[in-house]
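Dropping the structures in below, format is structure tokens.
Two complexes, one shared chain (chain A), two partners (chain B, chain C).
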Partner chain A sequence: MPDCLYRMARPEDVRVVHLDSFMAVYHRSSGLTHLITAPAPEILVTLGEAGMTFNALRESLADAYELGDLDDAALTARLDELVSAGLVSTA
Partner chain B sequence: MMSDDTQNDPPNDPARGATSRRALMLGAVGATAIVSIRPALAQTAASVVTCEIPVPDPGRAGNYIAADGSLVPPGTQGAFAPAGRPFKGQDVKVALGGGGQLPGTSYEQNRAYTNYIRRLQSGTSGFTCFASLQMPRG
Partner chain C sequence: MRHVFSVRIGPVGFRIGSDWRAPIAHLESLYAGYPAPQGGVPDFNVRLFAARPWRRFVRPAVMIGGDFVLPEAAPLPLAQGLLAAEMAMNLQMALGQRHYLLLHASVVERDGRALLMTGISGAGKSTLAALLGARGWRLMGDEFALVDPETGAIHAFPRLVSLKNDAIGVVEAGVPDGRFGPLLAGTPKGDIRHLVPDSAALAAMDRPAIPALILFPRFGFEPAERDVLPSEVFVRLTQASTNYVALGERGFEALTRIVKTVPARAIDYPDTESAIAQVEALWAAL
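Moving on to the complex of A and B:
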């Protein structure tokens, strides 16, 4: 799905608490709480509610951060995790 | 409601205000950046709609259900044959709340079945589902 759009979950669907080195995200519809750590919060913020394609996300991350290991497979793995948790939707 | 809840804000941009680009590692493919916690209660709440209640309990399959919900020998006059398939939690919730009848039941049959469900005891198949229907939902 190279052109599919990845979007962060809607703010009303999650409750976010910032903790020291990670973030606790309560996902209302599943009743699950996810403890997420870098780079997951950064990916969520970059995607935003508007969402973006995989390639746009990769470019945005590379612009905003000094990526030590930019790797499509790793970014795909991180995105897949977020999608499985319901914190990112695809369209 | 949400505007005065500072903890409910969307994630703040970690890069905001940074004078230089922050280092970020994507991690290995096999690594994980997410740990999910599933409290037992949350799991119960999430499964309320899809959990099932057999009428009667498989341990007492074959028994008929009397009007008051008690189990009686098969063929007892005025009692109803077992339900063909378990009822969904959501259907039971509606029936118990008086908002409708259990699917495929007559008025009297529905009353007998719901009386049976109300009398479910801990350890009986369907009790956990019934109990979770009673819990107030947030």
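Moving on to the complex of A and C:
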């Protein structure tokens, strides 16, 4: 879905607390707590509420962070995990 | 039920009913001086009952019941009726408590600030709390820390201190003036003996304390200490909580507040004297 727009979950849907290199995220509708680490917090912060396409996200992450070997397959896998957890939506 | 005892431990009221007199007599003796539930209404009910009517008399076996039950709980012999009552009271808290975030931890207090000690069974949290309670600290509880989600304060839950196996002798020697319950030998958890919290712990049990230090003690190793990062504290305390999930976002807010504001250390110790020295040094350095 190269043109798909990815957005971080709306603020009213999640509660985010930063803990050292981890981010604790409470997902209100499921009642689940997620403790996520790189590159997931960076993906959420970069997407923000406005959201962006996969390609734009990949370029923004590369510009802003040193995320090592985050290739397209790895980024797709992380995005899929965040979508399935309800922390990222697609449109 | 034939025999009934009601008691308030910290903010939590219990009503214990029993088919037998003996467990109630133990509770009346050991919890003498504790108040009754607020307004006479308990938060939780506990029942100690015979599985069949004749089992009141023939090889009497105590089944545990109450507002919250574990279906697979095995009965205990009547000689261990006190243990059955204590287990049942803990079970109500673990499964039913919704006012406070429960952390499986012992708590002692000094100058209005609370020290929480949590870890696996055998880490020594009950032993250390009992010994610190005899050395100028106020014992707030050996089993559960009650975190107020609104204020972040810790409420006391000074039930009987449950000592197991080798800890019994250690605390008998370290708290020579302590009042102890009967020795319960050969229970599913080994030998158990209860220590009655002292009068200072009872007198102050309605006074909450602000959490100031979280310790993860580990017994049986050379003395060592390390900082514990907030993310690790968060994971370990979610595992140490019996009702984190049930409290939903209130639990998340309460726990993340503690994790972000209270320093945490892991300590290894070879014996209780060493542990107490480590605790005092860490406390002095806060």
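To be clear about the criterion, the second predicted complex is superposed on the first by the 89 of 91 C-alpha atoms of A that agree within 3 Å, B and C clash if a C-alpha of one lies under 4 Å from a C-alpha of the other, contacts with A are read in each partner's own complex, and residues count from 1 in each chain.
Keep in mind that, in the parts below, contacts are C-beta pairs under 8 Å (C-beta built on N, C-alpha and C of every residue); 3 or more make two chains touch, one makes a residue touch a chain.
Every value quoted in this text rests on a predicted model; they were computed, and no experiment measured them.
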Query raised in the report: Is A:Ala64 in contact with chain B, with chain C, with both, or with neither (first, second, both, neither)?
Result: first
Query raised in the report: Taking the superposition as given, does A:Leu19 touch the first partner, chain B, the second, chain C, both, or neither?
Result: second
Query raised in the report: Of the two partner chains, chain B (first) and chain C (second), which one does A:Ala74 touch, if any: first, second, both, or neither?
Result: first
Query raised in the report: So, does A:Glu42 touch the first partner chain B, the second partner chain C, both, or neither?
Result: first
**Report entry** Superposed model, chain A: greater residue contact from chain B or chain C
**Finding:** B
Query raised in the report: Between chain B (first) and chain C (second), which does A:Val88 come into contact with in this model arrangement: first, second, both, or neither?
Result: neither
Query raised in the report: A:Thr33 contacts which: chain B (first), chain C (second), both, neither?
Result: both
Query raised in the report: Once the complexes are superposed, what residues of chain A are shared between the chain B interface and the chain C interface?
Result: 15, 17, 31, 33, 35, 37
Query - chain A residues within the chain B interface of the complex - result: 8, 11-12, 15-18, 23, 30-42, 44-45, 61, 64-71, 73-78, 81-82, 85, 87
Report task. Within their complex, state which residues of chain C touch chain A. Result -> 229-231, 234-235, 238, 245, 248-249, 252-253, 256, 259-260
Query raised in the report: Quick one: in the complex, what on chain B touches chain A?
Result: 2, 7-15, 21-39, 42-43, 45-46
**Report entry** Partner chain C, residues of chain A touching it in the complex
**Finding:** 15, 17, 19-22, 24, 26, 28, 31, 33, 35, 37
